[in-house]
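Structures incoming, each one as structure tokens.
Across the two complexes that follow, subunit A remains constant while its partner is subunit B and subsequently subunit C.
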Partner chain A sequence: MKSNSLWKDAFYRLSKDKLALCALFIVVIYFLVAVMSGAGWIASSWSQEVGASNLAPSLDHLFGTDIFGRSVFQKLIRGTQVAMSVGVAAAVIAIPIGVILGALAGYFGGWVDDFVTWLYTTFSSVPNIMLLISITLILGKGIFSVYVALGATSWVNLCRLIRGEVMKHKEREYVQAAGAIGGGHFRKLFRHILPNVGHIIIINTSMQFQVAIKSEVILSYLGLGVQGEPSWGTMIDDAKLELVRGVWWQLAGATIAMFLILLAFNILGDALRDALDPKLKGK
Partner chain B sequence: MSSHSILSVKNLTVEFQTSEGLLRAVNNVSFDIPQGKTIGIVGESGSGKSVTSLAVMGLLQKPAARIPNGEIYFNGQDLLKFDEQQMRSLRGNDISMIFQEPMTSLNPVFKVGEQISEALRVHKNLSKKEAWDKAVYLMNQVGIPKPELSAHKYPHEMSGGQKQRVMIAMAISCEPKLLIADEPTTALDVTIQKQVLELLQKLQAEYKMSMMFITHDLGVIGDIADDVVVMYRSNVVEKNHAETIFQSAQHPYTKGLLACRPKLGANPKRLLTVSDFMTDSGEEKIVPVERVQVFDKEIELKESSPVLLEIDQLVTQFPIKGGLFGRTVDHFKAVDGVSFKLKKGQTLGLVGESGCGKTTLGRSILRLVEPSSGKIIYDGKDITHVHHEELRQLRKKMQIIFQDPYSSLNPRMTIADILMEPLNIHKVGANKNERFDMARELIEKVGLKSNHMGRYPHEFSGGQRQRICIARALMLKPEFVICDESVSALDVSIQAQVLNLLLDLQQEFGLTYIFISHDLGVVNFIADEVGVMYAGKIIEMDKASRIYKNAKQDYTRSLLSAIPKGITKNSMAPLI
Partner chain C sequence: MKAAVLLIGLLCLIISCSKDRNFDERELHLISPEKIAGFDPIQASDMYSGNEIGKVYEGLFEFHPLKRPYELMPNLADALPSVSADGLTYTIKLKQGVLFHDSPAFKEGKGRELKADDVIYSIKRLADPKLQAKGWWLLDDKIIGLNEWREKNVAAPATTYDEEIEGLKKIDALTVAFKLKKPYPQFLYALAMPYAFIVPKEAVEHFGKEFLNHPVGTGPFILPVFQQSNRIVYTKNPTFREKLYPSEGEEGDDKRGLLADAGKKIPLVDKIIVDIIVESQPKWLSFQKARADLLEIPKDNFDSAVLGGKELAPELKSKGIRLFANAQLDVTFFAFNHDDPLFKNKKLRQAMSMAWDRGEANKLFYNSAAVEAQSVIPPGLGGYRKEFRNPFIKYDLDMAKKLLAEAGYPNGKGLPAITIQTRNETVSRQIIEHFAKNLEKIGITIKVGMNTWPELVNKVTKRQHQMYTMAWGADYPDAENFLGLLYCPNASPGSNGSNYCNQDFDTLFKTATLLQDGPERSAFYEKLNETVAVDSPWIFGFHRTKFYLSQAWLKNFKFMEFNHSQFQYLNVDLEVKKELSKKF
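Here is the complex of A and B:
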């Protein structure tokens, strides 16, 4: 028998799942596009006129041009950069908050737990979109506010899950065994329990990523998101006026771009759960 | 097939498709279950006994499992030719099954009465009212007190033994011709086990059922089976009448199984194990004479050694929360005024049923649970209230080995990491290499190989994991170790090996043990002194040999009589 850690084992399972591999491939492509666009290697001239106004899709212009004669394809690439950066930023903000608060609440219980529970129930009692809108209104429009707003809302789910898992693992004998050999709280929590709930972070992040992307699109559509940059949301917003004139390609492009990445993240999230969640594994 | 057999299995082979290739779980197995008789299938985990029963029930997971050859005749019909519809009308009706875990095999959201009625309504087309009345009648039959009231209970309101009785009531509800019992008593205390076995025998006579009783413990089967089939590594190695098996077993594996269970009273110094009787390849070995010699404990007691641990009126209580705001309304005394002294190098056995407080007592002594009052004096020093650094230093001297080898090892750490962790915490050893060498030395002492160090816990069997747990407990060279039901989760054959290991290590390192178990046989074998616990108190305490010969308390005597004696039900001849 080979010596396999859970991660290697999970990767092996994932590599057997063709659908999940396709999804992973799409996600990687989106990330690459976002990074290259961010570095200015592609779509840096998105704001320049490349042809006449509102040209239908052709071989020259894959998704046609918009009202100012700009390439819709290049705008889509810029939009990808915005969407992916929002997903990453939301995760970077949400993971530390969610994991630390959840772990502390689950491990220590008592007033710590009461406080954290109070905090996340308060956050989750307000409809997310209201919270997003009010945070962006307070901080002012712009991509930075979107980052903060999404980070501030997406830790809640993770925190709840981590808290529950930590509570469960705290009672396990291996944690008590760590106590019996003289390990302190810090060691028990961070060396023993957290590695055993790490898969939750990965699964949840993959699920939250698409929520972040959707929220960014909605905020931008409402005009509260990125300013002076193309985003899938602003593109859909622009397209709603042009649609009556038969200019469908801007809407189609943004929708397809969004559809693909959301679908990919959904499939990937499910596959990760299957591969990593020990509950579904045979003994 | 023979006309008297209710079930006849012929040359059954079951294979599983796994990621490592085709695995043969059952190989050319044949046996018959005569009408109204009980056949016992014995074997260790992974020997294929449960897979055989699942094949009979048609419950194998397809397409992973396949049956390349074999026939299963039930009442003259070949079950393997039945379709799913036909099997379903058979299951729970003509053939029914009792599972090992009464805790998880009942649905927690339905009342037990409803769960028993369900099978009746499906198979017998009874009305809701009729089925409920029948369920109450059945609950009375299986000996559940106040069945009219108990039928309204949810599974969590019942004890383990009661739940298993409910499972039995469900299984016999349609008066099956064949009852398959898969380790039905393994998860239960010995006293409850005895009651359940008696109940099964009584019901079998009443309903004229045939029974297939699966277990890893030959001792249990002696009480109940007419014929015994011994399985080892997917094959039937021996089948015969129960008496013949117990009196003159032919196959070395059967002999090993018979010898490895600790008996009350006289035992050899080390338990015999299967490996004393046969080589890995299955050839018979001659057992060395000195291994079989019975050893009298009383001679070796070290009366003069100093007292290492003294417990004085120890009480550990847990608050009972109630009311709207979860106020503490009362206290539950898990340990209620326990006192004893333990001498260096000796073993104290603590016996009692689940819930008697023996585990809490062990954890209170180690200060893993805070005692409420009383004193713990270790090596002449009161440690009841020491904290932080002092407590951490104490952890080096006092260790614990837990019950469940599956949950007491962190699944995300390699064996090397697990063993080196105590050294890291206490800064023992100069550097990583030195710590690694110390861990390697110990892993070989507990009977594993040094190339196991890089592996993860899930790659080991239960017995091997328990060895790893023992190695971890010994890394810091403790003087005192609490073994909390450390062999209860293991098959009897593995249990003997681990008990021998504990004895060897005790001798080599001069360890003092507290050995906690619900099994008086095991405790009697390993302990110098035995304390019997009941409802948080030690009600009787004496030398191991004297407890066995003249127990003063009725409760102790009932514990003693509940232990399977390994005597067949017809002959009453003692085994070996």
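Here is the complex of A and C:
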């Protein structure tokens, strides 16, 4: 019987999982919406008044209007752009830090490992939300600070996982073989070991993505996130006061938008792990 | 067996729940929306601590509970002081036979009589550098010799209270004379604030660090021990002096039934029970269950309590609940940082002011109940003139555009984006969003900067802002407290956070503040208020309104801005309470 490569096999497993495909589809839609909103093709006029203050949802205004008569639907789309961009930016910052530190620590051991372990235990000992708040306070408010803050706090998990995997792999025969034919540290680590632990990065990213989105919402809710742009967090903050007056649509809109993407990422993350982690194969 | 225990427990619970309404004693049920830091008057920097301290401690003077505009009357002092011709020496005679609460701090546990020494001691305590009193600013650089005494004691191992101070003299056992460095017409207001309430030396020394939990005052109620919990229970002070309910008030007070208790000995209730409830929903429910007699309506519940912003909801009306709407002595504003060369441009300031639709803001954020501020001074203070209209607070986009063009920025061209700093709180943010949306119409871009409260204060005191928004509430009923916000020597880190400087204003202000209260001073204040308005040093916002609900059985409630001494005048009608309680 012809055996498939890990990636091919994984893709095959994933394509069999209808729920995961559905989740993937949702994620893709969110990305498309975010890109289109970022390019200014949709929801560019979110700050315009479209009707009276606090109109209930109707065919004209799908999710009603907010206190200033702006369309909640358009604000949701802008919020999607903010949320997705935060997820991507946090991943772009966190993955290199996590992978490089984790790989170096796992491969070299000794004082390098001691240092990296000390660094990430220190980071993880501070409650995450505290760390986020202090970073945004230092850097000043705005979406850029949110990117940096989330990037700088979310590498810890990945770093730990990569470190462990690299430790395991560096004793394997294929690495020893690479050494025997004259491969240096750099070659062994980046050409041989890393491609074999790459699936961890993918699984972890899909998990981290939702953490980043959630954190952005929390920060914006607290007034520390994006400023002057709609975010799901600020929409929920607005709704906090409006709810007693029976204005539920901002809360509902933001919650549904958040719920869908978080659920999708969760399912996708699980499916990816099932598909990519050889230890779970067939279970 | 277990079931039986459970059943008995449940029964006890039901009985205890149903028995919690007391119709034999006059109990006053109040809510405090914040935790109380303790009962040391010199540290009472927030209104809520001040309210609790005012039940057990007293000052030399207090505000009349009924008369408006606010009027000082003697409390521990026997009469209003005699002031020397130069306005520098205040001689105050104390009432005879005022007793401190019984306390183990005194000999045989019996409270002794109040003396002039207690006043001197309490003022010195406020200045004691070791205690870091939060109220020191009140008397800083005011009384001859007090600052020097403070300086001397900074390095000393222990503060020496025995040393005599020139400006703080005992004339006889019941008379004190204060000598001021310069005229300070607000001095008596300072003595009426909780910071300057009188404490006995014995209690401070006996309880040491625990003094803040063992209040020993002369006040109408006693609280032997204060424990950090969600409930504070005060009982009537049995040795309280003969103090009577006032027999005159503002016009119409007798019609409102506020004089029904005239001449009766106060306090009128036997007990005050204060529940500390921070969240607005439980506060609201507690009032609806008649577990509180008085409630400041939480903003979130406004719409369900007050229909259309005016009428009390029928289900509340049917229970006899009454609504009180009261203009506050405050002003909200957007302040420019006048250090920024951009805002030296008067036309730009005026254009921004005219582009803001205050009518809409009032509707969205204050239920249309706030008064648009024409200038700094709120209604209710000398210096406010009802007829005065500031031409630059009118919403007029065409005029705003014209002014902006004259300022050199036609349609906002060439004008950088302006960031306004505010508190990170929902409504504060929404107000700026509204302002930004309005100013976009004339081509000005506004950005929001969100800050925690200490951060915002820090930015303002360090001048690290372009614009900021805040509200100012009166410390005492004198327009000086508001006009001072635009006085150049008060610039940051002082209270003039906008760093506005205007020589003509400053000269006039200096003259006015040295005058004693009267029509002459009010005329000065009017002129100051109206000339500065046109210069648009700020974008003026609103004078807000506070809404209270009171149960039908609560008597004598009248809104007071400075209400720490108010509770002794409140009364409970037990008959009405018994009758109406069935409806709850």
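Miscellaneous remarks
As a convention for this text, the second predicted complex is superposed on the first by the 278 of 283 C-alpha atoms of A that agree within 3 Å, B and C clash if a C-alpha of one lies under 4 Å from a C-alpha of the other, contacts with A are read in each partner's own complex, and residues count from 1 in each chain.
In this text, a contact is a pair of C-beta atoms (placed from the backbone, for glycine too) under 8 Å apart; a residue touches a chain by one contact, two chains touch by 3 or more.
Bear in mind that the values here come from a model prediction, so they are computed numbers and not experimental data.
Superposition note: with subunit A as the common reference, subunit B and subunit C can be accommodated side by side. Note on subunit A: of its two partners subunit C and subunit B, the one contacting more of its residues is B. In the superposed pair of complexes, A:224 makes contact with subunit C only, with no contact to subunit B. Of the two partner chains, neither subunit B nor subunit C is touched by A:17.
Contact with neither subunit B nor subunit C is seen for A:165 once the two complexes are overlaid on the shared chain. Centres of mass aside, this uses C-alpha centres: at subunit A, the angle toward subunit B and subunit C in the superposed model is 140 degrees, to the nearest 10. Shared-chain residue A:216: touches no atom of subunit B or subunit C. By the touch criterion defined above, A:240 reaches subunit C but does not reach subunit B.
After superposing the two complexes on their shared chain, the closest approach between C-alpha atoms of subunit B and subunit C is 34 Å.
Put simply, subunit A touches subunit B in their complex at residues 1, 3-6, 172-174, 176-183, 187, 191-192, 195-196, 198, 278.
Considering their complex, residues 20, 366, 368, 392, 395-396, 399-400, 402-404, 407-414, 421-422, 425-426, 454-456, 459, 469, 472-473, 475-476 of subunit B touch subunit A.
On the side of subunit A, the complex with subunit C involves touching residues 47, 53, 67-68, 137, 141, 222-224, 227-228, 234, 237-238, 240-241, 244-245. Of all the residues in subunit C, the ones that touch subunit A in their complex are 299-301, 303-304, 364, 424-427, 429-430, 433-434, 436-437, 440, 447-450, 455.
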